[in-house]
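What follows is a set of structures for review.
Each of the next two complexes has chain A plus one more chain, namely chain B in the first and chain C in the second.
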Partner chain A sequence: MRRLGLTLAVVLVVLFCTGPFLWQLLTSLRPENELTSLDFPSSLTLESYRSVLTGRPFARSVLNSFLVASATTATSLFFGATAAFALAKLEIRGQRFFLGMALLASMFPGVAVVSPLYLTVRALGLRDHLLGLVLPYTTFALPMAVWILSGFFRAIPDEIYRAAIIDGCSPFQAFRKIMLPLAAPGLGTTAILLFISSWNEFLYALALTSSARSRTVPVAIGLFSGDHKEPWGEIAAASVVAMLPVILVALVFQRWIAAGLTTSAGKQ
Partner chain B sequence: MTPSRARATPFSTRDRLTAYLLAAPAGALLVGVALFPILFAAWLSLHRLILILRERRFIGLDNYAYLLHDQRFWTALGNTAYFAVFSVTAELGLGLAIASLLASAAPGQRLLRAAILVPWAIPAAVSGKIWAWLFNPDYGLFTRVLPGSINWLGTPGYAMPAAILVDVWKTVPFVALLIFAALRNIPEDLYRAASLDGASSWRIFRSITLPLLKPTLAVVLVLRTLDAFRVFDAIYVLTAGGPANTTETLAIYTYKTLMDAGDFGYGSTLAIATFLCVLVISIAYLRVLGSEGRA
Partner chain C sequence: MISVRLARIEKSFTRGAPVLQDINLEVPAGAFVTLVGPSGCGKSTILNLVAGFERPTSGEIFFDDEIVNDRSPKDRGAAMVFQSYALYPHLDVYRNIAFPLEVANVGRAEIDARVREIAARLEIDRFLARRPRDLSGGQRQRVALGRALVRRTKLCLFDEPLSNLDPSLREHMRAELKRLHEEGDSTYLYVTHDQIEALTMSDQIVVLEGGVVQQIAPPREVYERPANTFVAGFIGSPRINLVRPATLRIPPELTGGRAPIVGIRPEDIAIGGGPPPEGTIPGRVYVAESMGAETLVTLEIAGERVTGRAPADFLPRSGEVGWARLNLARAHFFDPLTTKRIER
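Right after this comes the complex of A and B.
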């Protein structure tokens, strides 16, 4: 009886979480004339995918998102790792202040800095340019990297670092040859979380791009509309394209993500 | 944060230099992308600045004086608070339930863990489109399955609950994972001792689980309230603040003033107001974290 109740609860939660996604997936595979039907389609077709990837500049958006997310992840991971190591293992003044800044910066409402970022990016001539997105994305990615990685570095025993120094490593060598490999799982987790949040970012990309040339996937989908009525089949196909990479990454690295999320919420 | 311990090896000047060199780029970037923009926004908020008119002049606190009497601002603040209270309450309740399910002996744990990551992983803007389709007034699955064929997104009073549902769907996994992590840290012995003493499962939940979860629940509560005050993506795509501004949150009103109306002066004032709301919640958050660290 109890087991039956639990099973039912699991089924309900799974349905609640995946249902909307599955419905979108089904919509994306429907033939045009069955889009509005509630029944299971008579046949499945990839027509919506074909038209969204060839008839619109959507493929370009996918490439843009991939480039921006990769660049943001790489820069924030690099600068985040060096800073987190210095904060966690070296004597450095003002580390509480530094971490506090990172935490505060990660809590900024994005919209609060849209106007200065817009003016700055425009002054640099980077408006509607992919580089003009990587810089603003640092506002959320770097604090996140510093915060999660300093947790991982702190978890490595001080003795290991001290042993490396006694063996004649400079602090930087100890960082590169000993600490970085030891923190590899942390770097992996952080990279995944950074990539997902940059891939998903919407507000800055909406404000700082103005043409299909530099639009990212979430913006392309958010602004998706047709001439007369909304092309729901294409929207569904585009959404699936936007969701699949992150869902796959999330599923493959499940354990890491759960660990990283818990750390990033300040519980360690 | 762990207090810095005394270290066996004394640090030379060279080593200290390395430390600062390693931390400096990130520090400079943080100042450049976080501190500088917020100060810049505060400065802009003291101006009348309309981009297309190329008009820019210093007007002191006039924008703030206007803000106090701006009915649309107060409505947006009210909408944001309404959104925050209901979405956060629902997320905590549902998150706790799902976390307990994750910790239970229920079958299908692997499936459950995979499933709850789906809403978390997808872009919030895309979740807006997914739900816009479900709520579509003519063909939406929800509209047709639920009684009354209500136009959810087009009717004041219904659009906000719909937006809250979307947010709950998107965020419950995150909340559940955090609570689940805390649940696993509760020593098994406590449960065993309690059930040996003949406590009912409700009693165990109330007297052991809930008190030990309190710090985590507090963290989640503040963190989610923070997010609720920044909410933009999903609502912007779902309703763009409509109908009749009933789902217009602070972030959406600010964004429209900045990017649609091109009013960078007053828009920045709204931005700073939003920032101050979030700052107050952030400080509360740091307090919660701090007291938890001492406990």
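Right after this comes the complex of A and C.
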């Protein structure tokens, strides 16, 4: 009886979480004249996908989003990991201050700096340019990366770092050969978080891009709406397509997390 | 081999009392020197100073005749075995042991030969392909030893390396460590809170308490002629009896008329039951503990407890009458004010 209740609860939670996604998927496969119907579709069609991928520069947007998110993630991960390692394991004056600032910066409401950022990016000549997105994204992703990763580096016992130093490593060698592999789960987690937040970002992308050349997925989908009708089928199809790279990235970094769980430095 | 010398070392951290005060000690080249003391006595801090993880507040550290205060741990070239072993969890046993050689850019063939040699010596050659997490505590401890010894450094530092092992394994590794020291030619500086490790393995013992050196001497001397009541109480098991002279009916002419603290070890007190024979001190049995080969009996005499030895078949109940016969020639006297040893 209790098992049955538990199973039911699990099914409900799963439905609650996947429901919107499944609805989206169903909508993307409906024939156009049944888009607003609540019944099951009379037939399934890939027409919406065809029109999104051929009728609009949507593939370009997916590529843009992927490039921007990857570059942001890679840059933030590299500088974030080195900074977090230094803050967690090296003797640095004011570590708490730096970490506090990182936390503050990563929680800063982005909307407050849209206009100054717009002016800065325009002054740099990066408006409507992918780099003009990577730069502001990194300023938000990097503090978050430092904050999350410093926790993971702190969790690695000091004696392991000292052992590496005693064994002849320079601090950077100890970082690269010992600390970084041991922080892999943290890197994986952080990478997924950074990639998703950059992938989903709408506000700056809307403000800082003006053409399909540099438009990212959320903005592209947002601009699907015409004057007279909402292309629900296409929006649904585009959303489904936009989800795929994120799932792919999550699967890739998941392996780091899993690999880390089997080699964790904690209780040996 | 290298000698290590600490001269007038002081260490205090930004907050709080000094951790080390006026530490002067010499570790002769090739010696096995043990720093022993209760937790918080500063022994690990001394090891960290020698390793280079921390800097002294004042004073000099010499390796042979060179001051190494400003040298990084890497450039001091010492090997170290940590209490937690600090193995690299993501590397297998082979790569753990090979790691310091790889960092030093030693050739592949030589690395292989040296790793296999030390692994065979430590009897861990069957586990070379395993990860640390798949090893028992004793095996991990051997891997940690292997990683330190494979480098053939002139100086090896040990930070309580045996304290996480179970007692029988610890006993075995004590003997192994002593052998390894005799076989190799490096200087060992060893930190422990276990006085038995200090007594069994070292050439010299440094007893520390409260950041101050209490005594530096070979194990026999620390045991036979403890410099003060702290050393007397810390070294030796079962613990030395520290009592008033009147309790043991020590004649005043023996103590020069003063009333010092008397220290007498349980092996210098014979205990028996029944009516006290001539020249013994009567008391009541507080507790008797059978040790197998003998019985340790604690008597209550004049309000103080005195532990001595009795034959294995003497197993009195608490409260029974007993007596103690002292070997006063082996008693130690300590000044009650300074707690320092009084020579006689």
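The rule we apply is simple: the second predicted complex is superposed on the first by the 231 of 268 C-alpha atoms of A that agree within 3 Å, B and C clash if a C-alpha of one lies under 4 Å from a C-alpha of the other, contacts with A are read in each partner's own complex, and residues count from 1 in each chain.
One rule holds in what follows: a residue touches a chain if its C-beta (ideal position, glycine included) is under 8 Å from a C-beta of that chain, and two chains touch if they have at least 3 such contacts.
Remember, predicted model here, so these are calculated numbers, not experimental data.
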Subject >> Touching partner for A:218 - first (chain B), second (chain C), both, neither >> reply: first
Subject >> Comparison of chain B and chain C by chain A residues contacted >> reply: B
**OP:** Check the residue A:210 against both partner chains and state whether it touches chain B (first), chain C (second), both, or neither.
**Re:** neither
Original post:
Of the two partner chains, chain B (first) and chain C (second), which one does A:165 touch, if any: first, second, both, or neither?
Top reply: both
Original post:
Does the superposition put A:182 against chain B (first), chain C (second), both, or neither?
Top reply: second
Subject >> Partner chain in contact with A:157 - chain B first, chain C second, else both or neither >> reply: second
Original post:
What is the contact status of A:42 with respect to chain B (first) and chain C (second): first, second, both, or neither?
Top reply: neither
**OP:** Find the residues of chain A that appear in the contact set with chain B and again in the contact set with chain C.
**Re:** 162, 165-166, 170, 262, 265
Subject >> Complex contacts: residues of chain C adjacent to chain A >> reply: 51, 53, 72-74, 78-80, 82-90, 99-100, 103-104, 131-133, 140, 147, 151
Subject >> In the complex with chain C, residue positions of chain A that touch it >> reply: 157, 159-160, 162-170, 173, 177-178, 181-182, 262-265, 268
Original post:
What does chain A use to touch chain B in their complex?
Top reply: 3, 6-7, 9-11, 13-14, 16-18, 20-21, 23-24, 27, 35-36, 38, 79-80, 82-83, 85-87, 90-92, 95-96, 98-105, 107-120, 135-136, 138-139, 142-143, 146, 154, 158, 162, 165-166, 170-172, 175, 196, 199-203, 206-207, 217-219, 221-222, 224, 232, 235-236, 239, 242-243, 246-247, 249-251, 254, 257-258, 261-262, 265-267
Original post:
What does chain B use to touch chain A in their complex?
Top reply: 1-2, 4-5, 7-9, 11, 14-16, 18-20, 22-23, 25-27, 29-30, 33-38, 40-41, 44, 97-98, 101, 104-108, 111-131, 133-134, 136, 138-139, 141, 144-145, 169, 172-174, 177-178, 180-182, 216, 219-220, 223, 226, 229-230, 232-233, 236-237, 250-251, 254-255, 258-259, 264, 267-268, 271-272, 274-275, 278, 281-282, 285-286, 289
